[in-house]
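Structures follow.
After this come two complexes, each holding subunit A, first together with subunit B and then together with subunit C.
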Partner chain A sequence: MEEFGLVISVVYQFGTNAAFLLLCALGLIVILGMMNIINLAHGELMMMGAYTASLSYQAGLPFPVCVAVSFLVVGFVGAVFERLVVRRFYGRELSALVVTWGISLLLSQGTLMVFGPFLPSIPIPGGSLDVGAYSLSVYWLILIAVSIAVVVALAWLYNRTTFGLHARATMQDAAMARALGVNTGRIYMLTFSLGAGLAGFSGALLAPTASIMPFMGQQFVAPAFITVVVGGAANVIAGAVGSSVLLSLVRTPVGFYLGAFLGLVALLLAALIIIRLMPNGVSAALLRWSDRRAQSG
Partner chain B sequence: MSKRDSQTDVPQDATTPTTEDAGLSIGRRGFLAGSAAAVSAATVLPNLKTAKAQDGSPVKIGFIEDESGNLSVYGIQKLHAAQLAVKEINEGKTLKGGANIGTGGYGPLASYAANAPTISKEGVALDIVNAGGDMSGDATVFVEDDDVFVDSGDQGILGREVDLVSVDGQSNNALWQQLTRRLIQEDEVDVLVAGFASAEREAIRPIVDQFNQLYFYTNQYEGGVADANTFCTGPVCEQQVIPVVQYMVEKFGPRCYTIAADYNFGQLTAAWTKAFAPLVGGEIIGEEFVPLSVSEFSQVIARIQQAKPDWVMTLLVCQNHHNYYPQAAAAGLSYPMASTVNMAQGYEHKRFPPPSLNQMHNAIQYQLEVPTARNRAFVKRWMDMFPEDEYIGEMAQNTYFTVHMYAQAARLAGTTDQETVKRALELGWAIEAPEGAVFLEPGTHHCAHYIRLAVCDENHDVYFVREWPMIQAWWLQRLGVNLVRNPEYKQYVPDEDPFFSMFG
Partner chain C sequence: MKYLALLTGPEDIGQSRLFWIVFVLLVLNFVLGPLWMSEFEASNVSYYLLNLPMALGLCLLWGYCGVLSFGQVAYFGIAGYLYGIIAGNMRGDPWGPLLGEVGGLAACAVVSAIFGYFMFYARVQRWIVPILTLVLALLLETFLGQTAGYQWRVGSVQLGGYNGMTGIPWFQLGDFTFFGYSFYYYVVLLVLVSYLGCRALVNSHHGKVMLAMREDPLRTELLGYDIRARQLAVFVIAGVLAGLSGLLYVQWGNYITPSQLGLVQAALPVIWVAVGGRSKLLAVAISAYALNWITYSLSSAGNQYALVIIGGLLVVVMLFFPDGIVVTLARNMNRQALTRLLRRPGRS
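Showing the complex of A and B:
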């Protein structure tokens, strides 16, 4: 039983590590991975999701509804930003970086001024499961399942729907897509809005595990960028899944046996090595591997 | 420096006390006594700055805290504390206190009677010849005097209005250095009150020393700063770690697992825990330093479960780390916890839904819930001024009494000249703060505090289970620090004390 509990606990730790990276990265997969905008306001979009969730939870809504509300509210905010600011910076990556950084400062400081240093936290739904000497949080098991489901839905949206086709066409060659009758302006807005909405969605999901504070978004930014960049641009969704799995495979055993500090060191080291060995990210390597298999098969 | 300059530091009436009329108020008398002391101090002190005191310009209190950014939750509280104290000083109010003496009162754990009993002079049996009166109560005294908020007999400081020159450090150490230079060089502040994180303090202390600026650091911290220009008014490790560790070992057992924030505060406080646990029968079975960027704790929780401690020492500081509490509760971790920072500073028990902080124990010198009359009066004064505020933490209270303490010392010195005020503070200063009596020990520039062991229950209500009416900040004394005789400008770390390696 002791051995069994240990194995389950390590698998659970792996799952939570990977789900955390994936949730952090969700919105950025779309905005950085597909639109190639270095969105430094990503953390603040997640913060807005958490704030929306906390406010609607206090208003008496059930938590799943709060998460949906966060998706819609932050998605709408994203659409507004895209129309007002971000659309002027397509193709100018560094300008977009500075502008989104400015937005992030405005959002976090504005939140401090309007809402003060804290909002009440949301109680973590679900209890705990005991496995031998270890216990697992039911909510994190749900988060693992939800993150997988959302990634599958995102892949379906981009690979199986007309919107996905138009979006991919626009990101590849906007002029050609326009020539073929795609309303690229609308696609850009919807895509950015979707990315923002997803950031809000994962912000809301992570809100019960976090302190709801104006600067809470910062904790998610580094994991999000590491996951998306290590994943690479060849296929962002598969890349992000691959990178979160790979990074967690390295982090989990080191973190468990040697402590959180060395776990973090291992994660960063792994990211460094992966980018060195696979400069185009995990997804490019996956693509090459599947091509080779298709040829030999 | 010439005698002429020294004299200009002293108010005119201090040199001619006999002309004052007989009906002096107590405050007035104290003020005169102080001025007289300043005469003797000023005449023997070299290098006094030329006085700029007597022209009626305001006394400037330079103040830096983080009103924005990551640490704003603490900074805003501290700013409000300073604003409250300055307002009270300008309205002619002060807290009881003065050089070398306290104000007296009931002991906190006293049994007390209507009149004090009289002891027989015969023999050594200490027979009671007069019982005094009926015992009217025992255990914790809730009816201690709330009359600690009194008239100062002064408007502002020495008749000059007090001006709080407050700037926002924005949780950014580089900015803290710029602002410190600005306050000292451009604003020429009379005193600097600043600093939350140890990193901020260490960033600005070299600048403080370069200009010999009178500087108060009001935070709870890891201890060890021995700096002739710096007065540390918050509690340090020896006042908090040892009491709480002793209580936890007695109550829950010897096996302790420490998780600490991975920077100087967490590392040093963990070192204190590790070194002193064996003295009270405890044992550190695991120790983990968590990087400040970590906000997801399932692995840390699993490691604690693997170690099976009797209790957990949590020295977690930043907002990322506060996530530990709800996550641990959700994962079913129910070990008793001890800390020196939580509740009293970031009011986690008010922010997180119960029972995340159930069984949290912290040896604090102040938090909002301290159940005394004087604290209730203090909280009321605060909330009248800042009705929107949610909490008053320990650093806010430190800032509050520190500003009052500065005003008293300047009154006694008879001048705001910084060297003279430092000498006045080095007389040793007692002040009746909302927490209880605080004594600024002159040799080390640290304060003896009233320490209480606060416990959070499953509903996140707070109760106090043990009190230590005065615990000295004794560690620097042990190292032989005496800033009055031997000025120094450094921070000692446990490695410089051979004791710590004995249990390494």
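Showing the complex of A and C:
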């Protein structure tokens, strides 16, 4: 029974780490895969999600509704950014990085000026679950389930809907997709909005586990960036899942034995070594592997 | 003569005789400055100047080489902290500060070489370099922020957590200590040497290869240049220049805090370079000086809008002046001068 509890605890640690990385990075990787742009305001969009959740929670809405509201609100904000600023920078990836950084500074300082240094936090829903000598947080178990559900939903969106078909066509060859009648401008706007919405959604979900402050986004960006760098842009779902699983394999033991900070350092070192081996990320390596298997089999 | 040609070459603003006369007058203005500046004003001017090497390094990297880094402040911090540790432990030794300076710059070179090796020899995509360098800076900030308490000390120097390292010694050579006017001259000299060195670099053969890599890395490689090694070399130079700024900063203020490596500070070099115009060294030097002066005045007035102004400036410049304000102005000035010359009657 004791060993069983230990195994469960290790699996749980691993699951929470993977779910955290996945939630932090999903919105970023959706945008990167489509437009080859890293949205540096990602952390601030997560912060906006947390703020929306906190404000609507205080207004008396139940927490799941707050999360949905955050998704919609931040998704809309993302669409506005795309129309006003980001779409002028397609094809100039470095300039896009710089301009989204400017937006991130504006958002965090603007939030500080409008809402003050912090908002009331949201209590963690769900209690704890005892397995042997270990206790697990029900909320984190829910988050693991939610992140799996989001990945499934994204896979459905990209592989089973007309939007997904057009999006994949645009990713492969935007000029050809346009020639065949796909409105690529609309696809870009919807994808950016979806990525922003996912950031808001994750921010709202992670809000109960953090204190809600204007600069809270900063704690999410480092893990999110590392996950995206390791994942690569070749395939959104393969990149996000492959990279967060791989990285939590590194982070779980290091974080467990040496503390949370060294866990983060180990992530950076792992990322350096992984990109040295797979310069285009885990997703490209996975795709190549599956291609080769399809050819030989 | 050959070396003079490197300075007057085409890859920076200003080739005319008039330009060099103005340039020499400007340098003279800085040299003679202490005649009319108080020691306090000279110290402020040293502060505006001391960030120039970091800006110039980023300009080389981004504008001339096409490699963007968001983490130049990491080297700023590494050099500053290491100088504090070495010079602080050798307090009383007349050559301690010089050793600290050499150690700080060497550490920057080593860290940037290791970090750059993994990125450039993997031939990663362009967007990965700024992201990973930013993560490096953020991790260093997090690490230094949690070093409060007595157990975090190196020799007799405490790292000091979020309050930072204080009481860092002045720079000294032998028995001569640099502060006040002498520190001002020391900064002016180092900044001038950095600028002229960068200018000679971009006009050299290596500079041409840098431009070629920016325009088309694949074609440059097919012409027989090892772009990995050359990108790495520029990355190391930029790291050392950022380290130089860090050294001058701690010698100027005698303290450094982890927030010097934070997200906000990391944005500043990018803004100096973007506002000036990344394709010209002199434009970057001018904008870095001007923006440092503005932000210093704003922040010492306790202005909470400083960040909003900086962020807004960045967005506006990227939207409306993609080549940078100073570069756009310089180009228009040249064009106006040209049209005036052409319109002059009697010259056809």
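Heads up, the rule we're going with is that the second predicted complex is superposed on the first by the 294 of 297 C-alpha atoms of A that agree within 3 Å, B and C clash if a C-alpha of one lies under 4 Å from a C-alpha of the other, contacts with A are read in each partner's own complex, and residues count from 1 in each chain.
To be clear about the criterion, a residue touches a chain if its C-beta (ideal position, glycine included) is under 8 Å from a C-beta of that chain, and two chains touch if they have at least 3 such contacts.
Remember, it's a predicted structure, so these values are computed and weren't measured experimentally.
Q: So, A:F118: does it touch subunit B (first), subunit C (second), both, or neither?
A: first
Q: After superposition on the shared chain, which partner residues are touched by A:A222: those of subunit B (first), subunit C (second), both, or neither?
A: Touch partners of A:A222: subunit B and subunit C.
Q: On the A-aligned overlay, A:T209 touches which partner chain: subunit B = first, subunit C = second, or both, or neither?
A: first
Q: Going by the contact rule set out at the top, does A:G263 touch subunit B (first), subunit C (second), both, or neither?
A: First partner only, subunit B.
Q: According to the stated criteria, A:Y12 is in contact with first (subunit B), second (subunit C), both, or neither; which is it?
A: Only subunit B is touched by A:Y12; subunit C is not.
Q: Need the overlap of the two footprints on subunit A, from subunit B and from subunit C, as residue ranges.
A: Looking at subunit A, the two contact sets intersect at 109, 112, 218, 222, 261, 264.
Q: Provide the residue numbers of subunit B that touch subunit A in the complex, in ascending order.
A: 68-70, 72-73, 76, 262, 288-291, 293-296, 298-300, 302-303, 305-306, 308, 319-320, 322-323, 326-327, 329-333, 351-353, 388, 390
Q: For the complex, which residues does subunit C have touching subunit A?
A: 62, 66, 68, 70, 115, 118-119, 121-128, 130-132, 134-136, 138-139, 142-143, 146, 263-264, 267, 270, 274, 304-305, 307-308, 310-315, 318-319, 322
Q: Flag every residue of subunit A that touches subunit B in the complex, lowest number first.
A: My answer: residues 6, 9-10, 12-13, 16-17, 20, 109, 112, 116-118, 120-124, 126-130, 133-140, 208-211, 213-216, 218-219, 222, 252, 255-256, 259-261, 263-264.
Q: Would you mind writing out the residues of subunit A in touch with subunit C in their complex?
A: These residues of subunit A touch subunit C: 32, 36-38, 85, 88-89, 93-95, 97-99, 101-106, 108-110, 112-113, 218, 221-222, 225-226, 228-229, 233, 261, 264-265, 268, 271-273, 275-277, 279-280.
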